[in-house]
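Take a look at the structure set out below.
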Amino acid sequence: MRSCSASRSKGVRQRTMCGIFGITGHGEASNLTYLGLHALQHRGQESAGIVSSDGHILRAHRQMGLVADIFTAPVIEGLPGEAAIGHVRYSTAGGSQLKNAQPLFVAYAGGQFSIAHNGNIVNAAEIKASLEAEGALFQSDADTEVVMHLLARSKQPTFEAKLVEALRKVEGAYSILLLTEDKLIAVRDPHGFRPLVLGKMKEGAYVVASETTALDLIEAEVIREMEPGELVVIENGVLRASMPFKPAPRLGRCIFEHVYFAKPDSVLFGSSVYEVRKRLGMQLAREQPAPDADLVIAVPDSGVPAAIGFSQTSGIPYDVGLIRSHYVGRTFIEPQQSIRHFGVKLKLSAVRSVLKGKRVVVVDDSIVRGTTSRKIVKMLKAAGAVSVHLRISSPPTQWPCYYGIDTPSRTELIAASHSTEEIAKYVTADSLGYLSLEGLGTAVEDPKRNTYCTACFSGQYLTEKLSRDSDVAKLSA
Amino acid sequence: MRSCSASRSKGVRQRTMCGIFGITGHGEASNLTYLGLHALQHRGQESAGIVSSDGHILRAHRQMGLVADIFTAPVIEGLPGEAAIGHVRYSTAGGSQLKNAQPLFVAYAGGQFSIAHNGNIVNAAEIKASLEAEGALFQSDADTEVVMHLLARSKQPTFEAKLVEALRKVEGAYSILLLTEDKLIAVRDPHGFRPLVLGKMKEGAYVVASETTALDLIEAEVIREMEPGELVVIENGVLRASMPFKPAPRLGRCIFEHVYFAKPDSVLFGSSVYEVRKRLGMQLAREQPAPDADLVIAVPDSGVPAAIGFSQTSGIPYDVGLIRSHYVGRTFIEPQQSIRHFGVKLKLSAVRSVLKGKRVVVVDDSIVRGTTSRKIVKMLKAAGAVSVHLRISSPPTQWPCYYGIDTPSRTELIAASHSTEEIAKYVTADSLGYLSLEGLGTAVEDPKRNTYCTACFSGQYLTEKLSRDSDVAKLSA
Amino acid sequence: MRSCSASRSKGVRQRTMCGIFGITGHGEASNLTYLGLHALQHRGQESAGIVSSDGHILRAHRQMGLVADIFTAPVIEGLPGEAAIGHVRYSTAGGSQLKNAQPLFVAYAGGQFSIAHNGNIVNAAEIKASLEAEGALFQSDADTEVVMHLLARSKQPTFEAKLVEALRKVEGAYSILLLTEDKLIAVRDPHGFRPLVLGKMKEGAYVVASETTALDLIEAEVIREMEPGELVVIENGVLRASMPFKPAPRLGRCIFEHVYFAKPDSVLFGSSVYEVRKRLGMQLAREQPAPDADLVIAVPDSGVPAAIGFSQTSGIPYDVGLIRSHYVGRTFIEPQQSIRHFGVKLKLSAVRSVLKGKRVVVVDDSIVRGTTSRKIVKMLKAAGAVSVHLRISSPPTQWPCYYGIDTPSRTELIAASHSTEEIAKYVTADSLGYLSLEGLGTAVEDPKRNTYCTACFSGQYLTEKLSRDSDVAKLSA
Amino acid sequence: MRSCSASRSKGVRQRTMCGIFGITGHGEASNLTYLGLHALQHRGQESAGIVSSDGHILRAHRQMGLVADIFTAPVIEGLPGEAAIGHVRYSTAGGSQLKNAQPLFVAYAGGQFSIAHNGNIVNAAEIKASLEAEGALFQSDADTEVVMHLLARSKQPTFEAKLVEALRKVEGAYSILLLTEDKLIAVRDPHGFRPLVLGKMKEGAYVVASETTALDLIEAEVIREMEPGELVVIENGVLRASMPFKPAPRLGRCIFEHVYFAKPDSVLFGSSVYEVRKRLGMQLAREQPAPDADLVIAVPDSGVPAAIGFSQTSGIPYDVGLIRSHYVGRTFIEPQQSIRHFGVKLKLSAVRSVLKGKRVVVVDDSIVRGTTSRKIVKMLKAAGAVSVHLRISSPPTQWPCYYGIDTPSRTELIAASHSTEEIAKYVTADSLGYLSLEGLGTAVEDPKRNTYCTACFSGQYLTEKLSRDSDVAKLSA
């Protein structure tokens, strides 16, 4: 579920997928932030930025492109100091602009501060309208900017108190890092939509990141996941945690992080992403068996763990029927006009010798518009598969996400308007089976399904604002 | 007087040299703005930007570098619409940052607007402090940003009324262009510090530019110079002019535009820049003759008209003793570390055959730190000149400019602390003569010297804020 | 076995890994060559080039970097014509220079021609010395250039006859494409060291490529693999094949293409690369079992098929214990100085939940210096593996390749000087098992081992020149 | 006379304008070469290159663009050694290719050598044909490459002897620098068409350059101009000079270097370029007076000295009527499609206040196609000049140069087919006057006109090959 779209009607901010990383107390803060963002690159490949603080001055570098291309040695050298925050970002092509790259960075009455945000604030449009009515100027289209304005306008005495006041006014998904001259602050919204994890390096530096994989890379110890609604301030080497927000009626941890978005070696919301994905495949094998199939293959890389799980439970051998190219990252983002129709083929190639004459179960994580699935099924058949049984390790994606994952509008989601049989026919699969919502709950060890947000599958939006159908309709327009 | 510096103490915005251009009513608005900025490139070589409006959406491109390198065909194509404003900018190396490149561009309650500013607002620091106290966020270090905030906060009913209210609160030098979805607005401050000229193309499009040379290039007719304190709104092909500000006690047209900054083919404040410079040289020949000299040469290119004037009045033949290279523009901005000491030599070479055995008058427009003059005198003597008589076509530069020309702080201005004799000795000239303030007034046809600002020579700052010594001391700190 | 090195003593040409692609008879020849090179990118990531012919003029574009970054739309447009050849190349950092990028391109008495070469000519040094003695000038360090000189000096009447005469003088590995104004020529050396495959597009255009995966991408049909010693000329839409060279005493198809180098979806030397790799793993499981292990994992991506084969034969479950990042391609080639020690960690991350408390079999294709294997074993143990059994799906790599694969000199090959036990100890594995030469022969269906070159494992070099130890010693020096 | 064209029929090499620089015996050889090329940038703005030798290895960097943009600090660092040669080059747009950038650089039997050439070899096509017949390969279109082949094929025992044998076979214009591992060699052809000057730095390093201005910049002393037909070898700090070639029947120093091409502060062929140009203007004033004119202006910058000379002799005051922009260098080379018609206006602007109501003499160095002159005359009249008297400080340009200056073919030279009256009418001048050939001879102190080549004005080509009309006709075809 890589492709995405965003409603960009006036006032409603675009949605984006992002990764954030922060560190304080280390002489190579910006270099380690660079490494951390590298590990989080899968969360956003469009732009990246780092803001560092040397205790007095904040310095920023933000650019369109990949982390490894942007942060050359001279750029890193231009970001001195013992604290830094960083951000990687992906959004729809139309909204791709440098002005929206994060971390955002401003001066206000109290000095300078910078902010890096993963998530989406659902009442940003209303707040923005009222701020503008009071004369606020907006430099970006990011919903994040409303938090900066609310903070700067707060009459609270401290930066931290201003921030809390600001965040109490916003609703939605936010894992946020803030950097001032002397503080690193991390906040996770009360629903806990997006992940955020605390770590510590042997040398004593504190680290905060979207996923544990970033901590692993720099050899930081995971302390713990931040609590939903928790605010952490790290200053002068001391970490203070508090719970300044009203708890949400229930948790809303994003189930899609487990299904597709997070890196499989991360531990997220207390569970190994890899293990969850494998369990999704195991459950899928039970719910949607394909008894006559000769082999199970994955749509690489995200479908691999579920395919292995499907194979182990079903007893049908796992094999590699599709090879993923290592060199498409950039072309995908900026394809040559003339070869656009090669899209999937540039990324995936079929292994004829594996597929020829075989009845194949192919496991993928989700179906968005159906066009990619259709191309994959056709590619498998062209390579000799006699039948293709498509198995999806999540329920039908029927609703857009307003909490930080880039999904198309409802009209583009094939499952919003088509039955499973119709979708099977469209993608030319011999059979199609989705995992049930119940099975999904079981796999993430949330059998009552009341700690995860499943809105993209169920339409049950958890925030007050979006719990009304009218809101969703308006946002989807 | 190319080199410069700016006090960048907190709160006081950096000063810059700039050129601005705007057009409305032409299908190739951004392409013509590109050409206009090209003609104004001498006013700022560090960054350039264009914002265009297609009637609904504003689009921006701002970048570090030269106009001809930045605005390639694809960039121009990305700036559609019939109206556009542009900006070229120069500031000290330290303050060179993309975030300060103009036109600035924001969203506010009424939509989008963009601003391009030439000048310097002297009470920006106080205003910024009070805006920040009310929660305003600042994205750049530009003094221009305070105007945007004041405008957005105004309760006046129209954009134009908001703008007037905002500008009534600021003091200093401003020739400003603003672009909204449907209007192009131009304003010149009541002192008339910086130039701004109105023109019209044969096809009917209105043009506004810092200098007439930009109008000449695109073959627009000059309508007239804008009046000090005038505000012009161009909307739907109709130009409305008004005088909404309290008149200044006296005019303060920048005399240094004539001495050095403007392009010689421009007509400025009613006088030909070239003719003024030539008259400066004529007057200089009367005040500071060099009767025994064999020839008069110029420090090219800015010294050429005054040298020709000096020659014509004195009867001493004019010749070319220094050749200027065409290929240094960029190196000067970003010199190779290892060859920095070649600075002046990369730019100028001496013509031995002209200089050998000669007593030479060399005419330059001004002396800032004295280091360049010293190198030039030494270069002339190394090429065989037996004596070098340095003549300066303006009075000693003793005070920093706070109205938009980048001059060093007082401590760096050699004439602020040294007598003419001492300077002559430092630069190793056989004699040194400056033009008098009276002579300067005569040359610009302002014999009472009450329509031009001469603060850089006289220390007489014209704004209320800077008329007090304490202000200057504070700003210079 | 990605890392490499080359003896670059004077006279001996550097060795490189390369991929080649050619097409004739298609209006978008250079665009399809771009796609073909994209599919062959795994064969060389350092530089790429395309030369096209419009029937009269040859045009070239060669550049350091990745195919997708180099061949933008304007570059492709600058390469018009219905015929084109292309090349991707990898060599050691020291030899990375634009002048060595291919296709090479010259003018000679008969017009212009261009050449793209995969392989290595072992007697290039001697030929070059004698050509230089006759006054030849060399522009590159490529062994390929001797072929161009020999061709140009031939007195044979036709280009084809000149080429045959030239190639009869060289010894070694060469799959070569040549482009003249009106012909596309393909040659494969008599040993058949490197692959080369013929194909045809539906529209009638002929295609030649290193691997079938390039034909699959552009939807060309595979006609057949070119025969060892075969020469094919395609002109005016007609393909003529001939066998103008003395057959080699025996075939020498590169076994390492199957072990590591080729893309798994390709069919090579008559066998599916993927199936061969899986059989290598199956045989390995028989020869080097790890009976107490809990799971089998691969070093991705090249170790995956063998690991699946090992799992299927041994009955030990296959799982994913190492995740490969998609974003390291470029960093690997040009790493940041300061983070070089993160090398393997930037590329691979361990899945703790899979590994924790487990006895793990990890399957890789080969061990070169041992340093990467050591890091991987340590990474697996740090992630919780209680024991690590390293299994290699090929015999110990003890000899350098002089036929076109970049391997280090003998002194750097750990297996050249260490026993398996010593290597196991160095890489900190609990056990280490290599596949036997016999098992390798079985897996590639060459049980007598007389159709594949196994020199890197056996030291049995097949060319006259290198069959003498003294040659190898000299080349290795 | 900036614009140019070249016959590029097969076999005849393209002609180019170039500058060369070499140094040996200095630890910063490549940095000083960079500075020297910077001073020679006026001789070629299209590509630049430096090859350095550290005594063992030659290293090259060649690139399209300006010297200051190409040779950044890291590039210079990559060119170590105490000897270096460099080259700047300009050719017609069509022939602009990296492969033609110099210095050329090859390996041959004796090692490596590099060559930088200013001039044009008129029998290159014949030599190339016979070399190709012997199997030589050509990498570039440069006539220079034949010298390299001849040298490499020579059986003479030493590099120097090989070079002499090679050069004895070529005819035409060549000032050449060669660099081997341990020698710097400079040669000037027997006619002495192109300049070449020897110098020495205080530290002892020897320097060779096209013009003295390059020596002045790096503060090297001029030793002397090299003699026509002289060969100089500098090795181990010792300079050996010899005269190994048959003297030419007469000298053929390029008069156009004085008229337009060289930098005015250089001393060339024993005369100051600036003084020669001024004398051209003085003689022009005598031959082609404009008695009623009010002022004399120049087409900057090349027309300035002659205009001053014209003014001094005629007594008509000199003034500045055209201002040259400093920022067009690059645009001229690569203009935006859409603004091409702005060409001259982007480069020159007219000073209305100087021109208005005046009868103007405008002095230029030459007329090529007439299109630029026409635009300038129109621009002057548009700015208010009541009459424009165009005076050209050289005779009508009627013949192409085959000795290294880029001039268009005869068919494009307006004076080849039009009378002075016709040209005056075409360029819309009120009168037009050229300098006579006799006057030209007087100004360069060659009254018998037998030491300068004046072929571009007289059609008298000095080389055997081109003294026959049939050759010229063929070359011009």
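Each chain gets a letter, A, B, C and D, in the order it is written, and its residues are counted from 1.
Methods note: contacts are C-beta pairs under 8 Å (C-beta built on N, C-alpha and C of every residue); 3 or more make two chains touch, one makes a residue touch a chain.
Worth saying up front: this structure is predicted, and the values here are computed from it rather than measured.
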item	value
Given subunit A and subunit B, the chains that contact each of them	none
Distance from subunit D to subunit C - Cα centre to Cα centre, in angstrom	49
Separation of mean Cα positions, subunit C and subunit B [Å, integer]	61
Gap in Å, rounded to a whole number, between the CA centres of subunit D and subunit B	37
Two or more partner chains touched - positions in subunit A	none
Chain-chain contacts as defined at top	A-B, A-C, B-D, C-D
Complex contacts: residues of subunit C adjacent to subunit A	28, 31, 34-35, 38-39, 41-42, 45, 66-69, 71-73, 76, 213, 216-217, 263-265, 267, 272, 274-275, 301, 304-305, 308, 312, 317-320, 323-331, 336-339, 342, 345-346, 349-354
Residues of subunit C that touch subunit D when the two form their complex	105-109, 129, 132-139, 148-149, 152-154
